[in-house]
Every structure is written in structure tokens, then in C-alpha cells.
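Okay, got some structures for you below.
Across the two complexes that follow, chain A remains constant while its partner is chain B and subsequently chain C.
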Partner chain A sequence: MKLRRFKAIAVKEVLQIWRDPRSLMIALLLPFTQMFLFGYGVNLDLKHIPVCTFDREGSQLSQALLKHFQVSQYFAIVHNVNGYPEMVAAIDKADCGLGIVIPPDFSERLNDSGAASVQAILDGTDDNTANIAFGYAAAVVSGYSNDVQLSQLDRQGRTLQLIQPMVVQSRVWFNEDLESRNFIIPGLVAVIMALVGAQLTSLTISREWERGTMELLISTPVKPSEVMFGKLAPYLVLGWLDAAFCLAIAVLWFGVPYRGTIFALFLTTTLFLFVVLSIGYLLSVLIRSQVGASQIALVVTLLPTVLLSGYVFPIDQMPSFIQDVTYLIYSRYYVTILKAIFLKGAGILDLLTPILFLVAYTLAVVVLAARAFHKRLA
Partner chain B sequence: MFARVIPIVIKEFLELRRDKGARFLLVVPPILQMLIFGYAASYEVYHVSTSVLDFDHSQESRDLISRFTSSNRFNVVKVAQSPREISETIDASDAAVALVIHAGFAELLRKGQAAPLQVIVDGTNSNTALIALGYVNAIAAGFAQDYQTDLMQRIQGVRGTRQVQVTLEQRPWFNEDLNGQWFFVPGLIGTLTLVIIVNLTAFAIVREREVGTLEQIMVSPIRPAELILGKTVPFFIVGLGEVALVVAVGILWFQVPFVGNPLVLLLGSSLFLFSTLALGLLISTVCSTQQQAFSLNFFVLNPFFILSGFSFPISSMPQVLQWFTYLNPLRYYLVVIRGTFLKGVGLSVLWPELAAMAAIALILLATSILRFRKSLE
Partner chain C sequence: MSGSAAADAQIVAEDLVKRFGSFVAVDHVNFRIGRGEVMGFLGPNGAGKSTIIRILCGLLRPSAGRVLVAGIDVARDPERVRERIGYMSQKFSLYRDLSVEENLRFFGGIYRVPRAEFPERMRFAIDMAGLRGREKALVATLAGGWQQRLALGCAVLHRPPILFLDEPTSGVEPTSRRRFWELIHTLAADGVTVLVSTHYMDEAEYCHRAALINQGRIIAIGSPDELKRTALGGELLLLECDALGPTLAALGQAPGVIDSSVFGNAIHVLVSDAEHSLAELPVYLEQKELRPSRLERIHASLEDVFVQLIAVDSAKRRVAA
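Presenting the complex of A and B:
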């Protein structure tokens, strides 16, 4: 590999990028807009779940229960219905995610035996929302039953303290407020970089083929490795820029806590950029038509990165054969690394395993790409 | 008019037939992706890795821990001997939850004073942490309840302090077991269709432009509307095939129940296909190179995916983003597809979504015809 020829290719590539301002703009704007869009759009925290209530009793006690729902920040009562058909219609149309039905003998049972039940009808289409909503609703109801008990004891003139045999003292580490934003945004940076990186380089070689400039390139004394590194170098700079943008937005705009060192971040980001850029390059070498290259790039990057990298869907909850597949998803390592650097303040030593995986990945892809490129016309 | 549309349709089919790679890409990746993602996309929480530190070594503390061990929600991976070990396992992500029972736990319990169970949760993934905490609380409450009943029976003296208990009965409709796959698989059908179709059509015109065959079409008497229509029909047919393929995987492999009317789904899918085709064609007419089309694809597909309600509830988004979702055909299609699959609702409920998709399709198609006319000059 000669530095002179490497430089010549790099300069040519820079010129090509520079003279296609629309593509350059997309490369720079893409991470920017996506960060904002995802940063706000991706949110699993539930608040103001729309609730329909069907109070079949209409007593003081039942209204008091509904009051508890009304004041909770997790629920917003949007409908008070008077019959089951209305309730069914509201849930069918997804106007509300939770229906509370209070039976006609609610106060009677509560006064007689102290045990009453309330129905929570959940729109089970979205199981996660339903699960979380039920958890919040159960908490509201148990708060209510404590209140009722206290007031009953009060009326009997007794101040006997409630027997509460056990309390759960929970402490959350790393993401103390359980804000979904704090765990999603670091992963998001990885996802965006994976997408942007692959699309930056995935067309560099197929473009030469389709435009006919490949013949020119082949007739020069340039070596395959010089072509590869020459073409990757300018994109690496672009990638750094994009990464810096994304990370800055994550920390400065979204206020995600950053507890790690800049060095660890720089090292791992560069490694990751190497992987994504050379994967794009490899695809570009392997597939001559631009459409084919883009199809494959999309298939191997977009959805796998989003769904299998562990950035929202936890990998350890997947069936084991899918977990094996995730080892192939290079973003998985960067997602792990970023989350650890951001939230746990992990250093290079803590991250040795994912870093080694990334290094191995880089080597494998670079070797494959260098081998796949032949200076042959046929 | 049709005399000129049909040759384009035939030409597109011929092009597809002679492109072996494209045919492969149309069949294999969607099936593979359905199979893999159908299993991967889930928020369900089972077998949370848990470490336990029991300083009390009493019958009560062992009983409490065994409730966690026997639950399929938790998986005790480590019995720690010191607080340091606990923090190490959490730091290294070997365990996501740690339970600490301090000495004197049983004594406090017997006295009827609030005995603490300390729980440490790795909040890195806030969603999993939240759900896991819910299960911890449920198990702890079950333990407390049983212990209390036991205590009450033994100490007859506290008769009269009746326990007030309002229980909340869980009645999930449409998906009684709250099975995550039933939510995500129908969503995947829509998402995969969007990605495949937009990606196919985005290149339809720009490729002709770049290869140079667009000029040949320009000199022929074909009008812009006819060209766009001729490009739409074959992709529409291919798209219906794609939808059928992924729906089949969803029903046959993942066993997601289909309780609705297949005709409503067909109507919804057709309208959705039209709107995504139109979107792809618009990208294709706007761009002058395939590289641009490709970048723009990413630019457009990602937001469509995120702002669709596929996995992130639209109601949790800021108001401005919620307005944006109204422009997204996938948003409507997901309502239609989940509605027909799980809820079995019909036109009376789904008509607003269908109308919205039709409107989007018409506007986008008209825009791409206009754009194309302009770019001819």
C-alpha cells in the first residue's frame, strides 16, 4: 500500500462527496433530524392513559374510587359510560386503553365483608401498555382500600395502626428515575450511526461500476487495499462528525447523564465506524447494481439494528436461537458499550468483551472486503 | 390510455422476471425477517436474572426467596455472601435485580412491624426494570398477605379489625394472555411491507433516469400519469403477494388469531399499498441519482417506523409529533391490521383509517405525477 495512491483515491472521493451537495446534506442532516425525531418519539413512559369508567352503583364509595383514578397522573378519565355496549365501542375504537367497571353491589360488599372487587378491562392488543396500565391501576386501587380501611377504623374510634407485615424498599441504579429516554437515547445513537454509516459507503463501488468509471480505476496501478482505505477514509471523517453531532444532542439537548470518559467513547466509536463503513463497502463490492446493494443494505441494517440490537427490546428476553443471531448484529456491541459508558460510566476494561467482538468483526469484514474486490472487468 | 399503460406494466414484469436477484429478495428476506423479528420484538419480561443476599437465614426469609425462585419471572443466578458481590453482579450486568434481606427480618415480621425487603434494580433498561419491579411487588405483596392471614389466625385477639380489601380483576380483551407476539406480529406485517415496497418503488423511475432509458420513454407518446400508473400496477400486485406472504407467516407460524373480516384487511392492505407505492414513486421522481434515492429512503422510512405506534405508544409522544403521525400511512394500517386480526372490528370502526390512507395515496400519487411532469422539462 502506497500512501500516494491512497491519498489520490481519498482526494477523489472527497471531491465526489463535495460535488454532490444533496447527498452530503443528507449525510449530515440525517443524524440530526433522526436524533430529534427518535429522541422525542421513542418513549415508553406511560402517562395519562385514557380511561372509561362504568359505575354501576353510583354510590359515595364508588365515586371516591373513581376520584382516585382521576387524580392519578397515570390516568385520564375520558368517558363515563352507562352500559356495556358503550364500553365495548370505546375499547374497540381504542378511545380508551382501560375500562373500570364497578359492580352494583360494591359498597354493600365493602361494608359487609370488607372484600369487594372491581373489574379492569384492558385493551390487550398492546400487551406492554396493558400490563403497565394494570400495574398502575392496581396501585391506585390498593391506595383506595387503605384509605377506606383507615376511615373505617377512624369511625370506630380506634387508632390501631395498620398491620403492614412487609415493605419493599426498592432502589434503582444507573437510571434512577426510570426514564425510558435515558436508556433509549444512547442506543439510538448506535442505531443511527449504523444506518448512516452503511448507507454512506454502500454505493461507492457499485456507483463506479454503473457509471463506467470502474474501467478507468482498474487501468490505474492502484491496489485493492488502497482503493478500500482511500474510499473509507473520507467517510470515516464524515462518520466522526455525525457521531459527534448525535452524542452532543444526546447529552446537551436530551440531558442523558454521561458518566464515562471521552477516550472510551472515541475509541469505541471509531471501531464501530470501521465496522459499519467497511460493511457498506463490502456490500458495494459484492453487489454490482446499486438497487441490489441498497436492498441488501436496508435488509441487513434497518430492521435488524432496530429490533435485534437490544436498544429497546432486551436481548436476554429473546428465545435462545434468536439470541445467537444477535451476535451477528454488530450494532449490538455498540449499543451495549454506549449504554454502559453513558449510564454506568464504564471504562475500557469493563467493556473488554464487546470491544473484542467489535475488533474481531472489523478484522473479518476488512479482510473479506479487501479480498472481494478484484481488479477484473468480468 | 390503457393501450399505453399495459406495455409499461408488461415491461416492468419482464424486468422483474429477468432479475433473479430481485425475485429472491422479494421472497426470502421477508419470510426470514418475519420469523426472526416475530420472536425478537417483545417487551415481555421473564426469567429476570436475580441475585440474592440473605443475612437473616430464617424460615421466613427462605420462604420469601423460594417464592422468587419458583416464579418463572425471576431466575436466581447468584446467591451472594456480601453486599460487594451484589453490586458487582449488577455492575457487570450479570443480574438485573438484587434482593437483600437484612438480619432481623423474621423478628420484625413476627412483631408485626414493617420488615424491609431491599430490592436493587438495574434501571438501564427502564421498561424492563419497571415491569420487573411490578413483579417483585406482586410477589412481596403475596408473601405479606399470606403471612398476615397466618398471623391473624394465630392471634385471635385482634378480632374486629377486619381487613378491607378491594381487588382489581384483570380482564384483558382481545388478547387474554397478554401475549406480546400477538401485538408485534401484525405490526411487523405492516412494517415489513412498508420497507419492501418503498424500497422497490423508490428506484423505479430514478433507475431509468440514471441508466438513460427515461429519455426513450420521454420521446414516446406516454403521458406522465400513464407512466406512473404503469409503474404502480405491477408493484401493487407484487405488494399484495408480499402482504399475503407475511400474513401467512403470522397466522400459520406464529398462530396469531385472525378474528376479523379478511375483506376488510384486503381493502386496508390495498389502500396502504397504494399510499406506500405513491411515496416510493415520489422519492423516485424527486431524486436524480439512485444514491440520493437510497439516502432519502432511510430518511423517510425510519420516521415512518418510529411514528407508527409499532412499538412506541403514540399517546406518549409530544403533541407535535402526534400531529406528524397523522401523515403516516403505517399508523393507520397498523390500526387496521391489529383491529382485524385481534379485535375483529369492521368498516364501522375502521373507516376513518381507510379514508385517511386513501387520501394520502391520492395526494402522493398526484404530487408525483406533477413532479414528474416538471422534471421532464
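Presenting the complex of A and C:
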């Protein structure tokens, strides 16, 4: 490989990127739109679930229970109705996701037997939300029943605390507030890198074939490796830039904690970029059409990265066959690395295993891409 | 020229064959081109001219036969060949979204023109293309003639001893075409060997030697004068008449007639002796009650020769098939 020729190719590629608004748009605008789109759009946290209440008793106790719902950050009481038909209508219109019905004998039963039931009506069309809402509702009710028990004991003159033989006190590490955004956004960086990286390079060789410039280029003494690295270099720099954008948006805009070192991020991002850029390049060499190559690049990078990398959908909850498949998905390693660097502050040594996988992947794809290019017309 | 060509051949093709599937694009082609020679490849579109040039540049692998460029076997060591050639492909292949200067810098880098030499080479190329003052213009904005001259400039930037120009004047206006041929001759005078293809038959006159290619075969090769004198194997008469069919049939058995073919609404008659046939033919046809309205000798231009040769060759192949 001769430096002079590598430089000639790289400079030419930079000029072409600079003069082609399409490449520049992909490179610079896409990360922004994706970050904001996914950063805001993908939110797995449930807060302020709209609640419809039907208090059939209207006592002090029943109102106290509803107050517990009101103050919880998970719920927001939006309707107080006076009959089942109204409640059904509210749920049908999706005005609320949860209906709470307090029976007319609520206080009586609570005072007599110390056990009263409350009805929760859930909108099962979104079973995930319904499940979570039910869980939160149960927690609110059990909190209230603790209060009731305590106040009863208090009235009986027994200041003794409730006997709780065992208490689970959970403390969450790394994502203390259990903000889903904090683990989604680091993975999002991988999605954006995969998308942008392969898209850009998928155009680079096919463009030369389509415009007829390839015939002249391969009649020169230029080596396939000089073409490949000369073409990848500018996109690697663009990729670094994009990674920096993503990091800045994640930390400064979305407030995601970043506990790792920049060096760890730089090294692993470079490896990942080599993989996706080479995949795009390989497709460009094989397909020789800009549209075809970029379509396939989209399929082989974005889909597996979104679905199988563990970016949103946890790998250990997948069927075991699919779990095995994820080992083949290069983004899996990068997503693992990103989450660890962002949230745990992991260093290179902690991440040795996924980094080694990524290195192996990089070598394989780079070698494959370098070999696919032949200086022949047919 | 043909004498020195054999002694100092820069480009040699021996029994060259190229097949694409069952289609034979190049059919046992042989030629040698000497140093400083301008060789023209002429022939209709699809005759196989570009295919031969692409094989010589190492862009296509020959199916059989051997090609040597600068004494190097192209199939064995295409990279060493590529350092010694300049190539202009049929389709314009500079970067249209780059400026004149940026294109030259790119190819200067690719061919590793020594840095000390590069400014002078770039000036040479820009002057040759007549693009002084337009160095910063994007290539896409240049007219066809300028684009082609710039392409030639890029091809000679590294002083290659051998140039392959595939239809460099196609789609270029006549004055620019003439200027382009002057450039080719300037380069040849410096010892550059040039193989140039064209489908403008009149451009054969600009070449030291021309090869006429039809359906993958060389059907005539020689200097323009040689071709005009000998390629037809006789002298040409033009015959006009009302009854084309019967006349053509009658000419088939006529004495002294080598060949005859319909040419527009007339017949070209190839005879061994024009003087003789001008006197004899009317008599012979009169016996068959055929009276040509016009019969005269034509001094064939190269274009006539080629058109005649191609018509005869194509007809022969149809019969053979």
C-alpha cells in the first residue's frame, strides 16, 4: 500500500462527500434526528397513567385511598364518575388506562373484618401497560393498607410497630432512578452508528460503477487495499464526529450519566465503525448499484441492531435459539460495551471479552471486503 | 511504419479470442503495433473494438490467445502493464463533481507522478486541453471537447509510453475532433504508441495504420494508402439501373467481375480491370436486355473501402451461417 495513492483516494472522496448533499445529510443530520426521535419516542417508563375513579361510598376512608393514587407519580386521576357505564365509556375512549371502583361497604368491611376489596378495571388492549399499571396500583393499595393498620393499632393504644419478619430493601445500581432512557440511549448510539456507517460506504463503490468512473480507476496501478482504506478513512472520521454528536446529545440533552473514559468509547467505537463501514463497502463492491447496496445495508445493519443487539429487547428473555443467533450480531457486543461504559464506567479491561469479539469481527469483515474487490470489469 | 512495427512492437495480440457466453466478441485477432505508431481501430458499433482495448488494459481476461503490452503479458502481470499505459474509456470517466485541477491532482497521486515534476505536468495537461483559466471549473460544466481533452491530459500525466484511446472523439464536434487528432500526433511524435478506436470512418486518414474490425475480426489492416489501393482486391465501378435484382444476378456470371453488391439504389461492382469492364459490361448486359442508366468508375475513399468491405464481410457470414 502506497501512502500517496491512499491519500489521493481519500482526498477525492472528501471532495465528493462535500459536494454531495445526500452523503452529508446522512452523515450529519441523521444522528440528530435519530437521537431525538428515539430518545423521546422510545420510553418504557410508565408515569401519570390516567385513572378513572368510581367511589360508591364517598367516605373519609375511601377518599383517603384515592388520595394515595392522586399523590403517586405513577397515576393521575382524570375522571370521577358515578356509574359503571361512564367508566366503561372512559376506558373505551382510552381516556384512562385504569378504573378504580370502591364498593359501597368499603369502610364497614374495613372496620369489621379489617379486610375490604377494591376493584381495578384495566384496559387490556395493551397488556404490557396494563400489567405494569396493575402492579403499581397494587403497591399503592398495599401502602394504604399499611397506613390503615398502623392507625388502627395506634387507636388501640399499641404503639408497637408492625411485625415484619423480613424486609426487602432494594437499591438499584448504575441506573438508580430506573430511567429506561438511561439504558436505551447508550444502545441508540450503536443503532445510529450502524445505520449511518453502512449507509455511507454502501454508496461509495457503486457510485463509481454507476457513473462510469470505475473503469478508468481500475485501469490505473491503484491497489484494492488503497481504494478500500482511502475510501473508508473519510467515513471513519465522519463516524467519529457522529459518535461525538451522539455522546454530547446523550449527556448534555438527555442527561444520561457517562461514567466511563473517552478513550474506552473511542477505541470500541472505532472497532465498531470498521465493522459497519466495511459491511457497507463490501455490499457496494458486490452489488454495484447505489440503491440496491444501500437498501441491503439498511436490512443487514439496522434490523439486527434494533432487534437482536439487546438495545431495547433484553437478550436473556429471547428464546434460546434466538439467543444463540445474537452472538453473530456484531452490534450485540457494541451495545453491551456502550451500556457498560456509560452506566458502569467500565474500562477496556472489564470489556475484554466483547472487545475481542468485535476485533475478530472487524478483521473478518475487513479481509472479506478487501478481497471482494477485483480490478476487472466482469 | 509496418516494417519497424515488427521489430519494435509495443502492443502485440496473438490469436486473441474473447467470448461472452456463446457470443464471440473477439475472434482470433492478430496485430502488432510499433513504437510511436498511431494505430486506428475502425468498425461499426459492437464490432469488438472496445473489448480488445479493455483486454489490452487488463480489464477483461482473454478467453484464448495472448496479448503483450510493452513486452509484458497482460494476463500474467496486469499491474506492471497499468503503470505503463494511459487509458481513455469509451464512456467519459473523469469525476464530474471534481474540478479540472482536482481531477489532475487525483490522477497525479494515483500514478505517483514525482512531486517535483507534478506542477510542470499539470501545466502541460491544462495547456494541452486548452483549459488555462478554468482550472477551478467543475468538469461537469465543461463542453464535450474540453472534457475529452482533459481526459487525455489525465491519461498522459504520468508520461505513459502507450496510450489506449477508446472512441475519444465520439460525440465531439468536428473542429474539436481535428484538434484532438493533432494532440495525438504530437504525442506520437514524442515516441508514444497510440491505439485509438473510432466509428468515424474518415478518421482513419489520421492514423499511420488502420485496422478494420467487423464482428470481432480484423478484415483489413494497413496504411490508409495501402488500404485504398489493395484492400478491395480490385477496382470499383458504380452502376445505376432500374432492374436491380436481375442486373445483380447477371453480374454474378459476368466476366471480369469479382463481386457486386447493392449500395443504396445502385450497385457497386468490383472488377479486376476497370478500363476493360467499362467497355465490356454494357455489351454483356445488353445481351441480357439490361440497360444500366449509368456506369462509371469510382475512386474509393477509405470510407467507401470500409463500407464495401464490411458489406461483403457481413454478407459472407450470413451465407456461412
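To be clear about the criterion, the second predicted complex is superposed on the first by the 365 of 378 C-alpha atoms of A that agree within 3 Å, B and C clash if a C-alpha of one lies under 4 Å from a C-alpha of the other, contacts with A are read in each partner's own complex, and residues count from 1 in each chain.
As a working rule, a residue touches a chain if its C-beta (ideal position, glycine included) is under 8 Å from a C-beta of that chain, and two chains touch if they have at least 3 such contacts.
Predicted model only: the values in this text are computed from it and were never measured.
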Fit or clash for chain B plus chain C once both are placed on chain A? fit
Thinking of the overlay built on chain A, is A:4 touched by chain B (first), by chain C (second), by both, or by neither? second
Touch check for A:37: first (chain B), second (chain C), both, or neither? first
Figure out whether A:213 sits in contact with chain B (first) or chain C (second), or with both, or with neither. second
Where does A:114 make contact in the superposed view: on chain B (first), on chain C (second), on both, or on neither? first
Would you sort A:312 into first (chain B), second (chain C), both or neither based on which partner it touches? first
Quick one: classify A:221 as touching chain B (first), chain C (second), both or neither. second
Classify the contacts of A:12 with the two partner chains as first (chain B alone), second (chain C alone), both, or neither. second
Taking every C-alpha pair between chain B and chain C in the superposed model, the minimum, in Å, is 13
Which parts of chain A are in contact with chain B and also with chain C? 20
Name, in rising order, each residue of chain A that touches chain B in their complex. 20, 22-23, 26-27, 30, 33-34, 37-38, 40-50, 65, 91-94, 110, 114-132, 134-135, 137-138, 141-142, 144-145, 148-149, 152-153, 158, 160, 163-176, 178-180, 182-183, 195-196, 199, 202-203, 207, 210, 287, 289-292, 294-299, 302-304, 306-308, 312-314, 316-319, 322, 325-326, 339, 343-344, 350
Touching residues (chain side chain A, partner chain C) in the complex: 2, 4-5, 7-9, 11-12, 15-16, 19-20, 211-222, 375-378
Once bound in the complex, which stretches of chain B touch chain A? 21-22, 25, 29, 33, 36-37, 39-47, 49, 90-92, 109, 112, 114-131, 133-134, 136-137, 140, 143-144, 147-148, 151, 161-176, 178-180, 182-183, 191-192, 195, 199, 203, 207, 210-211, 289-299, 301-303, 305-307, 311-313, 315-318, 321, 335, 338-339, 342-343, 345, 349
Help me check something: in the complex, which residues belonging to chain C touch chain A? 20, 54, 57-61, 78-79, 82-83, 85, 87-89, 91-98, 102, 105-112
